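Got some structures for you, see below.
Shared chain: subunit A. Partners: subunit B in the first complex, subunit C in the second.
Showing the complex of A and B:
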């Protein structure tokens, strides 16, 4: 049964599209919300946490409509994608404050806050002011305030951004554990492999629209079916292109404005990269630079939106 | 009972104590503190002059510590310090959470919105009242120390009455400023107009306009009254609508102003989209 239900949700900022006509059902376990910067992930998160009113459509979490219902916050924990804090409080004071707002008496709130800090590896920073926290520590603190009241639903907006490797590892493991325990976790990211570490279920968002929904491996296969572009820099551009034309994996070759640059389009980048070094040695063609142009997620999304 | 404590008492206590502490630790409290300390500074200077050179005037009426305290209360604390402190601190009571991007942490807790606004408002009242009490009581104590004065014990009741009326004034002005700060884009201009144009001059408009000012109700219950002399006295006598309201009416009206402003600010918090466009997305 779906815990998060989204129906035809749209939001505009004056003339700028936030999200458009999104419909999705999210079930218990971890679901990744994948999309490049500006895709509408944070807007969707804000809509789902009732911080923003949708222009059209409807969303509910655990059967509770998300706009203007304080009961929602009993069951939802949110880790925002922003850097704002009460800088003068210590991390422990901040978490104690948040716990007291959840109805805990002072002593219990202090204990819960301390446990929360220890859980995220912040026990050494208990009495340190948030203003003096590093980016990674602030990220952990944001995560800690989201899970403080042990909510059954977690919405995490880029929770690993800026975290140190150890912190990332701990958080990824924690998120997986939440999923195993039957919590519903929606975690956004613009990095594919980051999401893959946590879940195989993803929603792909771009330009405010839901492009794909399903297994991350299916999406990857879809991506791998798309041609890749490789830019090569060589003083012997013409000679190199004559040889590359004979490669079965090469689809097209185009010359760039720079007289030493050409771009190769290939469907099998692995095979292409295996063959290239031998060619360089055999034919004595010096190559000064190679760059793949499609490794970032945005270009993957471009492939997905192509008709 | 437990439910009421968990839903109201614990969150409200947390909101008041944490926000009061944060306010007192913040650099933003410095300016209101300077404003509130201004009368105390004048009293200190006067007392120093008195101690070094003796009484500055030969007229015994001008040297009476109680008269000086009275003038200080009406001309500075009531008409200048309280409205200005409310403008500077009250206006940002709720708006600073929006401006500093921390509103989300409050918004995502299962706490009734009215409780959040009330908690933040009470923190403002406690913070500025603390500053005011330090300044007012110190001024009183310093003036009482003038040789020959029997003011300290004799007029203590008046001091206590002044204190709660000025604190009520801080609450009423602050509530209006909190509302203005939440609803208006150019809130500072609006605040200045309401406090120093409308509130100060409405008494000169024929009819009942003065009853729509906070100043009218505060002056009605304030133990000290301003004496206008000369031309100002004639203008006041001819034009000013100055029939005081009763203590009950005044206190109830001021409390209603506070309640209405809290309710309207809560409405903004509840229904207005205060989040803005996301930065990263």
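Showing the complex of A and C:
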């Protein structure tokens, strides 16, 4: 049964499109909301948390329409994409304040705040001012305030951004744990492998539209079917291109404006990268830089929207 | 490093009533303002008129002391009369104090939340926009009560105390009501104005500047217009006091004298000034309605 139901949801900022005609059903467990920067992930999150009114369509969480319903915030924990905090407060004071806004009495709020900090590995920073927190610690604090009231639904907007490896690991494990316990977690990110660590169920958003929905592995396969572009920088680009033309895995070679750069298109990047070092050594062709151009999510989306 | 169990404990106790959630925002804000540098000193400075009035009440009970010091009895008695005008003058003398307190206590109330994008956090908790505004407004309101309503009522108490006349409160119950009403006429628009101004900016300094402009410029303009357009040809169409409607200080003066049944400083009916006050409320409400949103739309 779907916990989050989205029906033809659209939002414009005057002439700029936020999200367009999104329809989705999100069931208990972890679902990744994947998309490049500016895809409309945060807009969708804010629409789902009732912080913004949709122009058309409707959305409900646990059967509660998301717009203008206070009861929604009792079942939803929201981790917004923001970096600044009340710098003068300590982490514990901040979380206590947030817990009190949920209606917890002072003592219970303090205890809950302390537990929240411990849960996110911030027990050593309880009395430290937020101003002295690292970016990763702030992220964890932000995450902690979202789970303080143990909500059945969690909406996490880029929760791992800027986190240190340990904090990241703890957060990923916690998100998975939430999913295992039957809670509904919608977590947004623009990094594919980050989402893969947490779930296999994804919604792919680009230019405000829902581009794909389903298993992350299917997306991976789609990516792998596409040719990859590798940019190589060498002072001997003509000599190198003459040799690369003979490679069966190379589809095309193009010269860039920079006289020392060329771009190779290949369907088998692994084979290409295995062969390249030997060539460099045998033919004495110096290579100063190699960059694969397709590893970012933007290009994945470009492939997906190709007719 | 301590290892904690990775499980979750839902709070099963009694929750605070939803209607009182705004008090949490208020109490935090009140504490924060109290810790502000210079605030206590300014507050003490703002209470100086109260001390002077308290001395006046004391002397009004001990007139013989002044007569013994050689002051003429009748003049002293007139000068130290504790009547409705005494309380009205006290409240009106506190306008500048209100201005200072409002600036210090209110300028950063919403601006700081806009600066830190904390509105998103607030509005993702089970509180309404109205709860948020009540909480923020209560911060400025508390301190404004501290320099208007509370000292005025304390002066009534002092009068009763020095005269050992505890029936004073009952016999002067209409005065008590007038003080309460007029104190609110003074402080509520102040609170609304500073909230609106603070919601328009992300910087405390900008809020301070905007509030000063809104508070002081119309006063100067009204006085200039009133004097320069004091021509019989113009006043045939536009009453001389018409321009006083555009200045909150004039509105306060007219409404104050109306509430305390004193001679009115302006010729126009007090209802016009009440309407002017309503416009201020509506404008501030409109600004707050537009500005207090979790999401900042960047165009």
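As a working rule, the second predicted complex is superposed on the first by the 306 of 307 C-alpha atoms of A that agree within 3 Å, B and C clash if a C-alpha of one lies under 4 Å from a C-alpha of the other, contacts with A are read in each partner's own complex, and residues count from 1 in each chain.
Please note the rule applied: contacts are C-beta pairs under 8 Å (C-beta built on N, C-alpha and C of every residue); 3 or more make two chains touch, one makes a residue touch a chain.
Please read these numbers as outputs of a predicted model, since none were measured by experiment.
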- Query: Overlaying the two complexes on subunit A, which is it for subunit B and subunit C: clash or fit?
  - Reply: clash
- In the overlay, answer first, second, both or neither for which of subunit B and subunit C A:252 touches. neither
- Once the shared chain is lined up, is A:37 touching subunit B (first), subunit C (second), both, or neither of them? first
- Query: If you stack the two complexes on chain A, which partner ends up touching A:56: first (subunit B), second (subunit C), both, or neither?
  - Reply: neither
- Message: On the A-aligned overlay, A:78 touches which partner chain: subunit B = first, subunit C = second, or both, or neither?
- Response: both
- Message: Applying the document's definition of touch, where does A:46 land relative to subunit B and subunit C: first, second, both, or neither?
- Response: both
- Query: Just subunit B (first), just subunit C (second), both, or neither: which does A:119 touch?
  - Reply: second
- Message: Which partner chains sit in contact with A:98 here, subunit B, subunit C, both or neither? Use first/second/both/neither.
- Response: both
- Please indicate which partner A:147 is in contact with in the superposed arrangement: first for subunit B, second for subunit C, both, or neither. second
- Figure out whether A:134 sits in contact with subunit B (first) or subunit C (second), or with both, or with neither. neither
- Message: Need the overlap of the two footprints on subunit A, from subunit B and from subunit C, as residue ranges.
- Response: 13, 16, 46, 49, 51-52, 70-71, 73-74, 76, 78, 80, 82, 84-86, 97-98, 100-105, 145
- Item | subunit C residues within the subunit A interface of the complex | 2, 4, 6, 8-11, 13-18, 21, 24-25, 28, 112, 115-118, 120-128, 293-295, 297-299
- subunit A-facing residues of subunit B, complex: 5-7, 10-11, 13-15, 18, 22, 25-26, 100-102, 104-113, 270-271, 273, 275, 277-281
- Query: subunit B touches which residues of subunit A in the complex?
  - Reply: 13, 16, 18, 37-43, 46, 49-53, 68, 70-74, 76, 78, 80-82, 84-86, 88-89, 93, 97-98, 100-106, 109, 145, 158
- Item | Interfacial residue positions of subunit A with respect to subunit C in the complex | 13-14, 16, 46, 49, 51-52, 70-71, 73-74, 76, 78, 80, 82, 84-87, 97-98, 100-105, 108, 112, 115, 118-119, 123, 145, 147, 149-150, 173-174, 177, 181
